[in-house]
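First, the structure itself, so that you have it in front of you.
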Amino acid sequence: MTAITKHRLFWPAAILAVMLLANLIFTPTFFRIELKNGHLYGSLIDILLYGAPLILIALGMTMVIATGGIDLSVGATVAISGALACSIIADQPDQEAVGGVLTAVALALGLSLVLGLWNGLLVARVGIQPIIATLILMVAGRGVAQLITDGQIITINSAPYELIGGDYLFGFPFAVLIAVVVFTGTAVLTRRTALGLLLEAVGGNAEASRLVGIRARRLLVLAYVFSAFCAGIAGLMISSNIRAADGNNAGLWIELDAILAVVIGGTSLMGGRFSLAGTVLGALIIQTLSTTIYTTGVPPQVTLVFKAVVVTAVCLIQSPAFRAKAFRRRRPSAPAPAEAEVPA
Amino acid sequence: ACGGGGEDTASGGEAGSGKIVLGFSQVGSESGWRAANTKSVKDSAATAGIDLKFSDAQQKQENQIASIRSYIQQKVDVIAFSPVVVTGWDAVLKEAQAAKIPVILTDRAVDSDASLYATFIGSDFVKEGEEVGKWALEEFKSATGPVNIVQLEGTVGSAPAIDRKKGFEATIASNPNLKVIASQSGDFTRAKGKEVMQALLQANPKIDLLFAHNDDMGLGAIEAIKAAGLKPGTDIKIATIDAVKDGMTALAANEINFIAECSPLLGEQLMELTKKAAAGEPLEKRIVTKETTFTPQQAAEVLSTRQY
Amino acid sequence: MKRSPRETGHIQGRDEAMVASEQEVLAMDAREERSVRGRGRLTAILEARLRREYLPVLVTLALFVVLFGTGSAIYPAFGSGQVIIDLFIDNGFLLVAAIGMTFVLLTGGIDLSVGAVIALSAMLSASLVEHVGLATIPIVLAVGATLGFLMGYVIHHFEIQPFIATLAGMFLARGLCFVISIDQISIKHPLFAEWPHIPIQLPGDMFVKPTVFVALAVLGLAFWTLHYTRFGRGIYAIGGNEQSALLMGLPVARTKIGAYVVSGTCSALAGMLFATYTLSGTGVHAVGMELDAIAAVVIGGTLLTGGSGYVLGTLLGVLLLGSIQTLIRFEGTLSSWWIKIVTGALLFVFIVLQRAISSKRSPDG
Amino acid sequence: MLRMTGITKDFPGVRALNGVDFRLLPGEVHALMGENGAGKSTLIKVLTGVHSADSGEVRLDGAPLTIGSPKQAQAAGISTVYQEVNLCPNLTVAENVFIGREPYRLGRIRWKETRRRAAELLARFQLDIDPAAPLASYSLAVQQLVAIVRAVDISAKVLVLDEPTSSLDRDEVERLFTVMRRLRDDGVAVLFVSHFLDQVFDISDRMTVLRNGRLVGEFETRALSRVELVGHMTGRVLRTLEELHAPREDVREAIASREPVLAARGLGRKGGIAPFDLDVHPGEVVGFAGLLGSGRTEAARLMFGADGADSGTVRVGGSASALRTPGAAIGRGVAFCPEDRKTEGLIEELTVGENIVLALQAARGWLRPLSPARRAELVGKYITALSISPADPDIPARNLSGGNQQKVLLARWLITQPRLLILDEPTRGVDVGAKAEIQKLVVSLAGDGMGVVFISAELEEVLRISHKIEVLRDRAVIAEIANEADVTPERLLEIIANGVAS
């Protein structure tokens, strides 16, 4: 028991489980998954589907946060990537052509990489504080997205493109498959190679890392590029899901949700140790929270208060300091040593 | 009050060159509707030979106030703006009045005293909500059982969202069968519209009517309804507001059943009013834009001629 | 320093040389010789310090001057004194909020709730002032302080990361706005609608408004607090190294929570200034203003890691951001998206310039 | 005066203190002794309220005392210098001395007064530093002195010094002792921790010995011999340290005739160290001797490329170039163990194992990770070789005691098998036994052909193992002397004072 509660993923997982169960009380059909029109359908699938872009962005954000940085520009990157892909597809004579869609996707992701490189160079080369370096792109990037779409919503009709974020492969949402692939890829990349260790070292103590010969700058740039890449994919997903690019609103404020997901997942904003699985759980918690708000009918005007309460509660439960204090209050007499370790 | 120095000589040819200078402060660029609105104003100004000074408040009232002040300082001939919020314009309007610059409100109203501005041209959000309400009453007048309505609201706290909700809910109150069973904000966006609708569909097995505060949310919701294996416009009736091109297309395809128009094309009317105001002619206090409502048949007819 | 360290060292050295062995005397002589040479080094250290510590602020000042010069060269009306005064009038609330943010950033924290608390305060002011009049001011300040306290408490005692705790605070404050009223409330009460708007004439056909003095008073107060009180020095100490501050016996809990209370109170005051400026209360006010505040503070030379920065830099940061806006407003032909792009580009130019100039000789260079 | 009884403190997985009794009398200097990880620092932290004890009682002047925070400890009259320098680097020296107690008048801090008083206090320690300069601009040793100045000035009843002398040279130590004696004579109880037996026997009146978190006993210093003390600390009988002797002349010559692993020519950095030449040959141990701030650290950092040099070249195995980055140096087989392990060495959050493999992994690049098995093997080997305790590679490095952290850093570099190892104060805070181990290790590494640069504030130590010694003063290398039999610490000091001439 002690071993389980001590696992770093225990609390995020427990919270997610509790939230899902709470939904069951309000919506008895919440856990039902059925086959409709040849694809899976149900609230849980929705959570995964709509959570997929957030998971992706949060994964990228995890890398950046591990280095002790932060990336505010992901929302803008989401908008730019979607806008570019859709505007290219919209200009094509045959929107259904797979080749054209692939070109659009490649160009959009390419541009995302450039944006990540830009952030990375500002942080690692010029030495600007990450929050400000990425704020530049956050402000200007949205302008760029609107420039691409001319402020309009670009609607497209392209089945191949729709697959990315809105359609199903073998009845399973393709977006979720992408998220799974990216998650696995990231996990392999960081944990099967030494990348994760080196990132954590840089985030934990930059000067010490420099003195052991880690080329921190490259890693920093890499982290920002990866973050932008994930945001780029998420941008494609979001636009594909509604078959339209909305340069104004796509990914608006998603950076805050992503950061929240990372932190709920147990990664510290100070950098250092990171947990990819925790991030995924964090993103699912946030998406479940949104879905809960919609399905249980929380009135729109108190939505934010509700969100504040839940976020606070989630963070408090996660905090060892809080649990230790709450625990001590309940049990004033000194507990046996073995039990005393539980809150730690 | 430019400290006597530099009477905006370089900042554009005003009275001297005979061209009228119009300072226009836009709310922002939050939607396609807004972009069409901006474009209309810019194009009409060019056609009408009016020198337009444009600023974008990025959704912030403080920016808009600062812009208007800056127009006053730059001594433009006429000021026009689409207020971000309804309230809080007295002070700056008084300043404009003191500087003898007529002010035209576009698109959205303010709650200041009518003597402070020259005229207000734009839609009436409450009326738009009422139009949809009236249509719903008509559409479901023969319904015997309860009619389950879900509403996709606009951004919480924004004027169109507040007013459209008010107008709609007040109108349908006359028929107790019509009941709003769920109302959530979709932030006026397609993505949110789809996501929220998907969740509402899970929670509410029987929905008869969807009222979305704008086309975009309605279009998103259509996707969600399709994903749930239902037929939009048939299994669930849909009514929206705006009448942008994508919305009209869906309406013509019978996926939406009713749209109340909210026209962004104020440009031409605005320029006429600007000229009059600059010439000192008296203006009507309230000019409602020419707006209408559309059914699928009407949509099919006008679709080819829609500009936005 | 009045006495030269050399003398002091000498006298004291003899005093304490009770157990002076021969080696010790030798070593001491060596030390004295070092102190003689040390003179040159000392001034060098001092100069280096001047440059390193105040440079970001000075660079921001220089950039501000350059920006203003360029502005007036392009648009003659831009260069007037009134435009500068307007910067203060139009950005007073941002200045006050950014000052509060400076306290928090100096401790190494962050406060994302600023914009929402501003909205909440404006909302509260709007709905209260008709009923309680002047008492609105203390009530709103107390609400801001309480929110700040709660966030600080959670951050310190439950070790919740500031980013997250204040993000929750942001949700809460903005949510409360809509709970108070979903509608927009307009303000007609003279406390907000008239008194703060009385223009005060200055020589040269210029005028200021009373709100400017409020903002400047807050600036002065903040400067005094940060540099002349134990609380203020504690804030720098915590930003330098919280663990050390604790071990040195500083009241870390009180100081850290205090920083958030200051920020909450400043946001509340900023909210009231905002209310006087916009004469309205609504939940959609001041969205994202925390980012403007953070940007202003950081451009003013404060490090987000804490412990280093000056509130005067914050003033310059606010003015710089404000003049970018003014410049764009004077330009007046940009489309909505170009405004964003140009804002971002100018931000980029200034941050990079500032960074490039002030870090000419950084150790990692 | 102060009595602690039955103190027990558990950390997850370790019982750091187990029923320890401790008493401190007024007017005595009391040494707290024990090997690395014995629990000295933990006992001090329990006393000052940083950690709360799981059980046990503290009484001050007979009255029970609950101390919840260092602040309360200070208020109760206990002032402390902790093992790792714990000051704020961003504040000025004067502020660090006075923060929390600044002179106030008319609601504002009197800065002039603060600086004046700080200058006075610093002068008492003959520290010629600018009280208005940020602390970060001074070396670790100076920072340690400032921490002491602060604690001494606060001191009311009890002064606690946890390894205050670890990076001080003997001059500074003597000055500190003078102050300690004076305080003792004024009736202050002084608690002192050090791994330097000479110092302990010099200053302390009584001592308490801990081993593995348990109390071994309390002893009168006069009645105890060194061998006995070490026996109590380690539980074993001491093997003499004197096994190591200054290397013989023929050996030195043989070594000097080899191709140097590192040859620095005119290497220097403005404001850091004047240009100097240095050859390090394979198998040679080069000692750096000098007083505080003489530039030893600066010189070492230039040889490693940790700072960019303004002038000169370094030739490491082949081509001559200025080393621009640590990476370049590591690539050529140079390793550097910095003196400030907390900020420049350890990554506290990572585990012991991860810290140990970090340099090797960085050199291999991220694409070639060590296999888990290989990693476990290497880590296990060095944990045993350096007797790092607890011997668990998976606990965060921050949980190790100071001395053990130092060993982790050593392991990190040894694992890369460098050709040249630069050690800046590697024996800082390391206990007698381990210190001897490290010295032996250095000698044996050199025996295997590694070049070593060895920096230590302890001249005896430098003399014991170096082949040649660079003497530094005022940020310049003033002499290079061969370590012949007649070179004594006294002679080194003389050279530092007068140059080689005499």
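In this document, chain identifiers A, B, C and D correspond to the written order of the chains, with residue numbering beginning at 1 in each.
The definition used in the following text is that a contact is a pair of C-beta atoms (placed from the backbone, for glycine too) under 8 Å apart; a residue touches a chain by one contact, two chains touch by 3 or more.
Going by UniProt, the chains are A, C = Sugar ABC transporter permease; D = Sugar ABC transporter ATP-binding protein.
Note that this is a predicted model, so its numbers are computed, not measured.
Asker: Going by the contact rule set out at the top, which chains touch both chain A and chain D?
Answerer: Looking at chain D and chain A together, the chains touching each of them are C.
Asker: Just how far, in Å, is the C-alpha centre of chain D from the one of chain B?
Answerer: Their C-alpha centroids are separated by 71 Å.
Asker: So how far apart, in whole Å, are chain C and chain D when each is placed at the average of its C-alpha atoms?
Answerer: 39
Asker: Rounded to a whole Å, what is the gap between the Cα centroids of chain A and chain B?
Answerer: Measuring from centre to centre gives 33 Å for this pair.
Asker: At least two partner chains per residue is the criterion; list those residues in chain C.
Answerer: 178, 182, 335-337, 339-340
Asker: What positions in chain D touch 2 or more of the other chains?
Answerer: Where chain D is concerned, no single residue meets two or more other chains.
Asker: Going by the touch rule set out above, which residues of chain A reach two or more other chains?
Answerer: 146, 151, 210, 300-301, 303-304
Asker: Which of the chains are touching one another, listed as pairs?
Answerer: A-B, A-C, A-D, B-C, C-D
Asker: Quick check: in the complex, which residue numbers of chain C touch chain D?
Answerer: For chain C paired with chain D, touching residues are 1-3, 5-6, 8-9, 12-13, 16, 18-19, 23-24, 26-31, 33-35, 37-38, 42, 44-46, 48-49, 53, 224, 227-230, 233-234, 236-237, 239-241, 243-251, 307-308, 363, 365.
Asker: Using the touch rule from the top, collect the residues of chain C that touch chain A in their complex.
Answerer: 112, 154, 157-161, 163-165, 167-172, 174-176, 178-179, 182, 291, 294-295, 298-299, 303-304, 335-345, 347-348, 351-352, 355-356, 359, 362, 364
Asker: Under the definition above, what is the set of chain A residues touching chain C in their complex?
Answerer: Where chain A meets chain C, its residues are 72, 122, 126-129, 131-133, 135-147, 151, 210, 256, 259-260, 263-264, 268-270, 300-309, 311-312, 315-316, 319-322, 325.
Asker: Give every residue of chain D touching chain C within the complex, in rising order.
Answerer: Spelled out, the residues of chain D in touch with chain C are 48, 50, 69-71, 73-75, 80, 82, 86-91, 95-96, 99-100, 102, 104, 107-109, 115-116, 119-120, 123-124, 126, 128, 130-134, 137, 150, 170-171, 174-175, 178, 271, 291, 307-308, 473-474, 490, 493-494, 496-498.
Asker: Which residues of chain B touch chain C in the complex?
Answerer: Contact set of chain B toward chain C: 1-12, 23, 26, 28-29, 35, 38, 53-56, 58-63, 65-67, 69-70, 73-74, 84-91, 111, 155-159, 162.
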